[in-house]
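What follows is subunit A paired twice: with subunit B in the first complex and subunit C in the second.
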Partner chain A sequence: MNKKELVAVIIIVALSLIFYFGIKQPIVFSSTVSYIITALIGLVLLYIFIRTVGGKIFGRRTVFLFVGIAVVLPFFMTIKQPIKSSPEVKSLYDAVLALKPDSKVLVSFDYDPPSAPELQPMAESFFMLCFERDLKLIIMGLWPQGPQQAEMALQRAFLEPDIAAKNLKYGVDYVNLGFQTGNEFVIQRMGSSFKSMFQTDYYGTPYDDIPLIRNVTNFSNIDFVFNLSAGYPGTVEWVQVAVDRYGVKLGAGNTAVQAPQMYPYLRAGQLVGLLGGLNGAAEFEKATNIIGKGTKFMVSQSFAHVIVIAFIIIGNAAYFLGEKRREENKPNQTGMNNQPGAN
Partner chain B sequence: MRREIPLIITAFVGIVFIIQYFIPHYPFNRLNGWFSDWFSIIGACAIWLGALNLMKISADRVYRKKRDWFYSVVIIVSFLMITIIGFAGGPDFRDYGTGFDWLYRLVYTPLSATMFALLAFFVASASYRAFRARNLEATLLLVAAFIIMIGRVPVGDAIGKVLHLPESIMPSQIAGWIMGYVNAAGQRAIMIGIALGIVSTSLRVILGIERAHLGGD
Partner chain C sequence: MEVFGLWLAAFFTLGIISFLYKDNPWYKFSEAVFIGISAGYWFVVSFWDNLYAKFYLGVTANDDYMLFVGAVLGAMMILRLAPNIGWISRWPLAFVVGAISGFYLMNYFSSNVMKQVQNSVIPLFSADYGQSMFTESFGTIAGKIVIAAGTFTGLIYFFFSKEHKGAFGGAAKVGIWVIMITFGASFGYTVMSRMSLLIGRMDFLFGQWLGMIK
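Now for the complex of A and B:
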C-alpha cells in the first residue's frame, strides 16, 4: 500500500466514523435540493463534453468519480420516478395471484451475497406477496449460501405488520429445506423424490416430521416454482429439468447480466414470468404495491445509467475529434495518442 | 487399466443417463437415482477438497513468502475464524443473532456486494474508453445499448414524457421489443449452437474419443 492509498483509506475511515457517530438523523435532501444537485451534475457533464470537444481528454478517474457520485448521492435524494411494470413482470405477478390459498410454492435460492443487492429485494417482495395470499412456502437452495439469504428475506418479511399479524408457523406455513449439493441432479432427483435430496430441513428436523412437506413426494405436489438465480446452477437448469421433464410452472428472478439469456424461455412459455435485475425487482414491488429496496435503489440505477451513457457520448466525441485532428496533422505529427483514459 | 476403467465408467453412466431420459422406468430410473446420489456425494466431497486445497495453497504462499503473501494470511485467518465460530455455535449456528450470522450478514455480505459493485466502475470506464461507433455493426450495438440502458430504468420513460413521445415508442417499449425479439433470436442461435456442441462433445466423451477429463492430452 503506497502513501496515496493509505491517505485515501484514512480519509474513508474518518468520514465513515464521522457519519456514524456525528450524524444521528438520516440525511435527506428536499426535492428542490435534489433537482438542483441533478442539474449541477448535468452542467458538469456538459462542461466535460465541451472541454473534450475542445481537445482536453479526461481520464478514467473522472469516470470513477462520476459513477461514485451517481450511485451514492441518490440515496439522500427525494426524487420520485414513474415505475411501470413490464409484461414479463406482470405475468409473474398474475401467475402468483392465480394460485389458490394453501397452494404450495417452491422457492429456490440459487445465489450468494454478491448478487444479493439485485435479488434480495425480489425475494423479500415475493415472500411478502405469498404470505399475503396465504400460500405455503417451501424454500431450498442449490447454492450453499442460498438458504441463509432466504432466512434474511424471511426476517424482513416478518417485519411487515400484516404478515406478523398472521402468526405464521415454521413447518406449517413455510419451511426451509436448506442447501443440497449436486446442481441439476438435485432437481432431477426431486422429480421422483424430494425426500431423497432433503432428508432433513435447514435445522435438522427429519423430513417426515414437518407437516407442510410430509405429503410432498415430488413436483406433482408443487403448484408453482420460483427461482432466484445468479448463474449456474440456476434458471436454465430449472427450465431444462423441472419444466421440460416434469411440467413444473416456473417463474424466475435473475440478475440483470443473466436476464437476457432467459428471454427465449420466456417467449417459448417455459417461464411464466421474469424479473430482470434491480429494475425487475422495482417493477415487481410496484405490481405488488410492496415498496422496498428495489424501488429505493432505482434512482441510483437511473443516475448510473445516464452517467455511463453520457461518458460513452463524451468518449465517442473524443474519438472522432481525435481522428479528425490526426488526419489534419498527419503530415506534421505521428504517434499522437488521443484516446480517452490514456492518463 | 488406469485409463480403461474410468472410460468404461464414463461410457456406462453416460449411456444410462441418455436411456433413462427416454425410458424413465425400471431399471434405468433406479440407476439414474443412484448415479444422481453419487454425484451429490462427490459434489459434497469436492467442496471440502476445494476448501482444504485453498488452505494448502495459501499456507504454501505464506511459508514461501510469495508475492502478496499477506492476502493468503487474510484467507487463512478468515477461514479459521468463520469455521471456529460456526462450530462453537453448535447445531443452531446459523440462527438469527448468532456469531456466525453476524459475520455472514454484517461482514461477508457487504464485502461481497462491494466487490460486485466495483463492476459498475469498470464497466463505465471500459465503455468510455472502448465503446466506439467505428463502423455500422458497432454503431448498431451502441444504439441498442443506449436504448436498453435508458429503457430499463424509469428515467427513460420520464425523458420520453418530457419529449412527448407516443406510448408505442417510449424507451421502455423499444427496450422491451429489443429484449423480446432481437435479443431472444440471438440468444436462441447461441443456445442451439451450444447445445449441438454439448451433444457432440458428450458423444466423444461417452465413446472414449475425448479423454481430456482423464487428465491426459
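Now for the complex of A and C:
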C-alpha cells in the first residue's frame, strides 16, 4: 500500500466515524436543493460529454463515481417518481384479490440476502396484502436462507398497525415450514404429500400439531402459490412441476436478471402474474397502496439508469470520434507497403 | 453485539467496493472471508439438512431403509478421491445424469416446448366466428403480428440448411434483429438487477449503518 492509498483509507475511516457519531438525525434535502443537485449533475455530465468530444477521455472510475452518486443522492431527496402498474403486476394483484378470506396461499422463498433489495419489498407487500385480505399463509423455502428472509418480511408486516391489530397467530393464520433440500424434487413430492417433505415446521413443531396445515395433504388444498425467485431452483421449476403437472395457480416475483425468461410463461398462462425486479416491486406497492422500499429505491434506480444511458452516449461519442481521428491520422496506404514480400 | 455486526458488515462492504479503485489487500481479505464463510455455511447446511435430517432421521425415526441406496451411491461418489478405485464414482454419476435427464426431458418438453408452441399458434385477428376481424385493439393485433413475425424470422436465422440469400437471407436478417433486441432487453434488465444490488448495499451503508437516511 503506497502513501496515497494509506491516506485514502484514513480518510474513509475518519469520514465513517464522523458520520456515525456526528450525524444524529437523517438528512433530507428540500425539493429545491434536490432539483439544484440534479441540475448540477446534468451540467457535469454535459461538461464530460463536451470534453470527450474534444478528445479528452475520462477513465472508468469517473463512471463508477457518477453511478455511486446517482444511487446515493436520491436517498436524501424528496423527489417522487410516478409509478404505474403494468398488466402483469395488475393481474397478480387481481388474482390475490379474487381469493376468498381464509384461502390458503403457499409462498416459496427461493432467494438469499444478495437478492433481498429486489425481492424483499415484494415479499413484504405481498404478506401485507394477504394479511389484509385475511388469507392464510404457508411459507417455505427451496433456498436455505429463504425462510429467514420470510421471517424478516413477517416482522416488517406486523409493524403495520392494521395488521398488528388483527392479532394474527402463528400456526393458525400463518406458518413457516422452513427450508427443504431437493430442489424441484421437493415440489414433485409436495404434489403427493406436503408432510413427506416437511415433517416439522421451521421451529421443530410436528406437522400434525399445526392447525393451519393439519388438513393440507398436497397442492389440491392450496388456493394460490406465490414464488419469490432469484435463480435455481425457482420459478422455472415451480412452473414445470407445480403448474404443468399439478395445475397450481402460480404468481411470481423475480430478480430482474431472470424476469425476461419468465415472460413466455406469462403469455402462455402458466404464470398468473409477474413482478420483475425492483420495478415490479414498486409497481406492486403502487397496486396494493403499500408504499415500501421498492418505491423508495426506484428514484435511485432511475437516476442510475439515466447516468448509464448518459455514459453510453458519451462512450459512443468517444468511440466514433476516435475512429474518425484514426482514419484522419492513418498513414498513406502506399507508404505501408514497403515490407518484405510486397511489390 | 448488533453494533459490532453492523460495523463488520460495513467493513466488508467497503472492502468489496474498494475493488472499483483497484485490486487491493482489503478487497482480497474481504473476498477470502466471504468465500471461506460460504464454503463453511454450505458444508454445515449439507450436513444437517441432507446427512442428518434426511438420511439419519429417515432411517432411525421413519425406518426408511431405501435411503441406504442413496447413501451408498453418495459414498461411491466420494471414492473419486481415491485414485485406484476412482472409477467407481462414475456409477452414481451415471445414475444421476440418467435420472435427471429423464426428469428434465419431460418437464422441458411439456412446459418449454409444447406449451410455448401452442401459445405461439394464435389467430392474428379476432377468432370469434361471425364477428369483425378487427374487434381487437390495434395494439393487440400489432403485438400478435410482431410475435408471429419474430418467431418465424428467428427460426429462419437458425436454419442453416439453406444459404442465407435473397428473401430467405432478408428474413434471417430480420430474425437476427429480433434476437438482438431480445438480448438488449435482457441486458437492460440485468443492469437494473445489478443496480438494485448496489442500491441495497448503499441503503445499508447510509441507512442502517450511518443512520443518515430517513
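The rule is simple: the second predicted complex is superposed on the first by the 321 of 343 C-alpha atoms of A that agree within 3 Å, B and C clash if a C-alpha of one lies under 4 Å from a C-alpha of the other, contacts with A are read in each partner's own complex, and residues count from 1 in each chain.
Keep in mind that, in the parts below, contacts are C-beta pairs under 8 Å (C-beta built on N, C-alpha and C of every residue); 3 or more make two chains touch, one makes a residue touch a chain.
On a predicted model such as this, the values are computed, not experimentally measured, just so you know.
Applying the stated clash criterion after superposition on subunit A shows that subunit B and subunit C collide.
Applying the stated contact rule after C-alpha superposition, one finds that A:297 touches subunit C and leaves subunit B untouched. Of the two partner chains, subunit C is the only one touched by A:28; subunit B is not.
By the document's definition of touching, both partners, subunit B and subunit C, reach A:71. Once the two complexes are laid over each other on the shared chain, residue contacts for A:56 go to neither subunit B nor subunit C. Touch criterion met: A:12 reaches subunit C, while subunit B stays clear of it. When the two complexes are overlaid on their common chain A, residue A:20 makes contact with subunit C while staying clear of subunit B. In the superposition on chain A, A:169 contacts neither subunit B nor subunit C. Once chain A of one complex is fitted onto chain A of the other, the partner contacts of A:81 are limited to subunit B, with no touch recorded for subunit C. Contact with both subunit B and subunit C is seen for A:144 once the two complexes are overlaid on the shared chain. One listed stretch of subunit B collides with subunit C once both complexes sit on chain A; from 27-35, 45-53 or 81-89, that stretch is 45-53. The intersection of subunit A residues touching subunit B with those touching subunit C, taken from the two complexes, comprises 64, 67-68, 71, 114-117, 144, 180-181, 256, 260, 264, 267, 276-277, 279, 301, 304-305, 308.
Taken together, the subunit A residues at the contact with subunit C in this complex read 1, 5, 8-9, 12, 16, 19-20, 23-24, 26-28, 61, 64, 67-68, 71-72, 75-76, 114-118, 144, 179-181, 184, 239-241, 243-244, 255-257, 259-260, 264-265, 267-270, 276-279, 293, 297, 300-301, 304-305, 308. Only residues 10, 14, 20-21, 24-26, 41, 45-46, 49-50, 54, 103, 107-108, 110-112, 115-116, 118-119, 182, 185-186, 189-193, 195-203, 206-207, 209-214 of subunit C touch subunit A when the two sit together in their complex. The part of subunit B that touches subunit A in the complex is made up of residues 21, 29, 32-33, 36-37, 39-40, 43-44, 47, 91-92, 94, 96, 104-105, 108-109, 112-113, 115-117, 120-121, 123-125, 127-129, 131-133, 142, 145-146, 149-150, 152-155, 157-158, 161, 172, 176, 179-180, 183-184, 187-188, 191. Interface of subunit A with subunit B (complex): residues 60, 63-64, 66-68, 71, 81-84, 86-87, 112-117, 144-145, 148, 151-152, 155, 180-183, 185-186, 188-189, 192-193, 196-197, 202-204, 245, 256, 260-261, 263-264, 266-267, 276-277, 279, 282, 298, 301-309, 311-312, 314-316, 319, 339-341.
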